[in-house]
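Here's the structure we're looking at; comments come further down.
Just so it is clear, A, B, C and D label the chains in written order, and each chain counts residues from 1 on its own.
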Amino acid sequence: MLIVMDKNADDAKIDGVVAAVEKAGFSARRIPGGHRTAVGVIHNGKNTDPDRFLNLPGVREVIPVTKPYKLVSREFKPEDTVVKVKNAVIGGSSFAVIAGPCAVESREQTDIIADMVKKSGGTILRGGAFKPRTSPYSFQGLGEDGLKILAAASDRTGLPFVSEAVDEESLEIVARYADMIQIGARNMQNFSLLKKAGAVKRPILLKRGICATVEELLMAAEYILEAGNPDVVLCERGVRTFADHCRNILDLSAVTVIRKESHLPVIVDPSHSAGRREQVVPLGLAAAAAGAQGLIAEVHHCPEEALCDGAQALLPNQLDILCKLSCQISEMIKGAAI
Amino acid sequence: MLIVMDKNADDAKIDGVVAAVEKAGFSARRIPGGHRTAVGVIHNGKNTDPDRFLNLPGVREVIPVTKPYKLVSREFKPEDTVVKVKNAVIGGSSFAVIAGPCAVESREQTDIIADMVKKSGGTILRGGAFKPRTSPYSFQGLGEDGLKILAAASDRTGLPFVSEAVDEESLEIVARYADMIQIGARNMQNFSLLKKAGAVKRPILLKRGICATVEELLMAAEYILEAGNPDVVLCERGVRTFADHCRNILDLSAVTVIRKESHLPVIVDPSHSAGRREQVVPLGLAAAAAGAQGLIAEVHHCPEEALCDGAQALLPNQLDILCKLSCQISEMIKGAAI
Amino acid sequence: MLIVMDKNADDAKIDGVVAAVEKAGFSARRIPGGHRTAVGVIHNGKNTDPDRFLNLPGVREVIPVTKPYKLVSREFKPEDTVVKVKNAVIGGSSFAVIAGPCAVESREQTDIIADMVKKSGGTILRGGAFKPRTSPYSFQGLGEDGLKILAAASDRTGLPFVSEAVDEESLEIVARYADMIQIGARNMQNFSLLKKAGAVKRPILLKRGICATVEELLMAAEYILEAGNPDVVLCERGVRTFADHCRNILDLSAVTVIRKESHLPVIVDPSHSAGRREQVVPLGLAAAAAGAQGLIAEVHHCPEEALCDGAQALLPNQLDILCKLSCQISEMIKGAAI
Amino acid sequence: MLIVMDKNADDAKIDGVVAAVEKAGFSARRIPGGHRTAVGVIHNGKNTDPDRFLNLPGVREVIPVTKPYKLVSREFKPEDTVVKVKNAVIGGSSFAVIAGPCAVESREQTDIIADMVKKSGGTILRGGAFKPRTSPYSFQGLGEDGLKILAAASDRTGLPFVSEAVDEESLEIVARYADMIQIGARNMQNFSLLKKAGAVKRPILLKRGICATVEELLMAAEYILEAGNPDVVLCERGVRTFADHCRNILDLSAVTVIRKESHLPVIVDPSHSAGRREQVVPLGLAAAAAGAQGLIAEVHHCPEEALCDGAQALLPNQLDILCKLSCQISEMIKGAAI
């Protein structure tokens, strides 16, 4: 941490800052400059809030230097984490395609779609049984019945499946059926849920909140690792901006940063970013080209009758194209040592 | 809902859209225009997803017309809701000042600050016992012990108090002690928690998420009202943007919109928006001038030793000024029939 | 500038960075920390790009410390700048109200509105003759004829007037007629125009771009001062975000930061921020409460017939209220030594 | 345009709106709904401001339906525009790679880099001679001397070149030397410059502003086409958000929307979006995968000595990889009929 002083801060003020830093249990180091002095704060492993010293007399700015995350960082663990989801794998040199309906609506619908996913070469089935919805009047999911339907489709096709938990109660239920548990974007900073996810014996798919920084996403994963669960997959799914031509702008630079900063695998959700079908394949292919280690996409055999997010669901032939081309692109760039 | 067709959409495509609308249980109405045709969808009270019809052949755009909220809307209940918090009142013609420490740290600290709040003319005490923190390594609050400290300070000063619940478990505990329960910005779309808050017999202070639209805030309140709790106070606390000179930009236009669209009271939190002390009083006064019905601010007698958010805590004399001037400004604009 | 090294950066890499810094003509200072080393760069008054050292081997991050602006900074000139606009004043202890039509449409319209402004207590007249419009098919302003109409209304009422220049050609023409020249939000980083504005003998009203940082706004003003014109008034007019309930969110924290960082006066435009009439008075009063040194607002006697931005134009009685209350609030807070 | 009435708007108010619409020269059509009435406005080709009717009594909302752009739209011209830049081509089925230094610094530097571009398979050379810089104290470019250097390198290598114009004066000079003229992000809404660019006999490379909507970008291009120049290439280069891990988030959904809405070619600038070298290749490949029709990237043989933006300049071998793989990916998706 660097405490930058005002230009006209005199020695008494600088002494005051040094004293405050040392009183708080850190080491202070004066750094005189051309125009102004700074005080370096040496943490020695202890954690502190940069704002703490912001209002001391003569202080102009406080600049954090060390990143706040530990267990998730590549500095802590240099080699890639590979997450096993039953017989499927996310991370390392593999490219995962997770696909399925937004919401489980019926056994028939789920079976048709699971077969589509299997046929297209998808590696994991997805489906929502507990749905977080902006409106209390919207379809909220089939709950445990939905999980039973997914489990049956999973058994039949051999595809492991992932489903979302929205609170502690649903976390326990989902953990009983699913092979992987999703924590959605709205719950990325639901710290109670993250701690519970850290105590569960299932890999976690953690989505980035729509206005979360990459650092906040990594800190959310840190909660899960810190609570004992090392199997976390991160998912970029777009950020909210002024733009109105898509739902959320997909942030592919986040993929490059996560791969550099963290050992955890990172995949991309083009469906929720796009919000409309025609953008899903181009964005999914872009994600593969940017170095994502997998995709999660929504599909539906009959989107105009979907109870939830039909407008963004891929049609069967689009899923075929997405699976085939994204894997090809991922292979191509892996070979190129970028 | 209005379904806008492509310029070159022929009659067959328009017929297809009309048929799809009616199959879904709505009424459709053709609206020919100069360049293109639109199809109006009449809901008759039923709820639907505007995206549902977006991918039908010939459809260019789907535009929602009706707002999705009901119970919270002024169209539903024209007169202002006034929320009683024990002996204090939020809404109507009163101006509420809620103040206290970010986090309860000790009995002594809380007592000193509660006395400051009382002396300055604050009407409700605030204090965090369960703290949502970005880092698992940061101070997480004293929990139930913190609530006991707050309750004692409340008893002694006669100020009712509000404290935050971060999950179902803490909601039950907070409800046992506090006079009002805060749902924080990060939990604004924690729908499970909102439903539980709707079943509690305590008024709820619901903070806007840092990238939530006003409509999403009102929908979050709708969850609480729909679950049976009519006593909700909304709180604007800034939105996340590219700007780096404050923590979150305070959105005072949201105050004017909420007062127009909803009967629920709306207050403003200048402390978390500013993130630094020197901006808190100006922003608090600005909120009063914009028509907010109260403020919630953080204070500390010794901010450089605060365990959480010390940089934004007001000093005692600043709280005095904020209380006095914000009430004066609120009176002034009330008299002016803006 | 602080160059933060990777945790595992060895001495050779640190030496390399030190050498690169010194080769570039700066002084370097090693700052060993608990976990990693940083290298401080001492500018000695020379300017450099922080990104320059970002890709040297072993460098993790480069953090700028010194602010890039000089002439506009309060560190350079501690006392407030007061800008004279003919017989009116902006800055210091005065509160300025600039008002008038969005666009000059006719002599009659301008005369009626100028009388309204005069009667309400406005101090400067505004009116657009050269209009920057998103669409080439929208009304582009009356040009020089509009300036003649404004000049006549200004002579008659005794109100000085401000009008916008959109390029070099219009800058020369506006400078011939107007008492103050506006550089609009879209041109805030039109550096050629800024340099020309620096050479003109007229005060400049410089609006913040809708996604400009405060630092960029100050750097834009630096261009004008550096080119020789010290009379610059800054104007906050809202930033673009995801929010759809107003045109641009008014950023009142920017007002507090500008007043701290710079000696230049700062005013607020609630009309373009709001985009709809009902929000203009609340936001204008909020600006006064936050410490703005004036307002610029649009008015129209018959807004539904306005050729431009009628929806945000104040009605005559609203302008009365805005002038009266904003001045009262400004007085009140000045007396309070916040 | 659709004018939505309040729920309780009576017939008199609806009649008032209909009358106002017809007085303004449009046709009005009543659209009664289940809960409220709307009034459809039929333009008949005339242009109007949607805000115009927003404040009429009883009006709740005004919703534009028709898009404001014409000449740039695919509805107006269905087939792809292909822009010729001397012997190079942008648009249609070709994939263009424009590369070169951020700023021309010297003849030697430009020659070395032009040879790199040629060798890597780039099709057009880029280089800045007039540089828009945030600070008046930063290197502002070599001006006409820089253009002469570029012209010589272009002659020698056979690569046509593009260079930026920042005002009318530089536009004329650049037009004398360069094969294509760039209008930068900061000037996207410099409407005077756009009109002048419309009168020039050179193709224009128009960059999207960092907080411009796609609609605003298309309207900016409309200015150029309307002024007589049909040869416009659009360029996505990232939008400004809260994120701090890249300079601007690259918005690849914009590429898909532009290709759908407009016949103009669209390319992507990964360098300015990334702001740091390590993200440029991944983002460039992602752009190709998303359907961009070309890239523009910055390269430097010795980035740590670059006078401008060295941190984002590609190294020679990175340019090789980018050229080769982006063309391969572009071919692959073209063959797949997405």
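Rule of thumb we're sticking to: a residue touches a chain if its C-beta (ideal position, glycine included) is under 8 Å from a C-beta of that chain, and two chains touch if they have at least 3 such contacts.
Keep in mind it's a predicted model, so treat the numbers as computed, not measured.
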Exercise. What are the chains that chain A and chain D both touch?
Worked result: B, C
For this session: For chain A and chain C, let me know how many angstrom lie between their CA-based centres, rounded off.
Result: 38
Exercise. Per the centroid of Cα atoms for each chain, what is the distance between chain C and chain D, given in Å?
Worked result: 26
Exercise. How many angstrom lie between the CA centroids of chain B and chain C, rounded to a whole number?
Worked result: 30
For this session: List, in ascending order, every residue of chain B touching at least 2 other chains.
Result: 211, 240-242
Exercise. So what shape is it, when you link every pair of chains that touch: line, ring, star, complete or other?
Worked result: complete
Exercise. Given the complex with chain C, which residues does chain D contribute to the contact?
Worked result: 20, 47, 49, 51-56, 68, 132-138, 166-170, 186-187, 189-193, 195, 210-211, 216, 219, 222-223, 226-227, 240, 275-277, 303-304, 306, 308-312
Problem set entry | List of chain A residues in touch with chain D within their complex | 211, 213-215, 239, 241-246, 249-257, 260, 273-274, 278-279, 281-283, 285-291, 318, 321, 325, 328-329, 332-333, 336, 338
For this session: Show which residues of chain A lie in contact with chain C when the two form their complex.
Result: 2, 4, 6-8, 27, 29, 31, 33-36, 38, 40, 42-45, 61, 63, 65-66, 75, 240-242
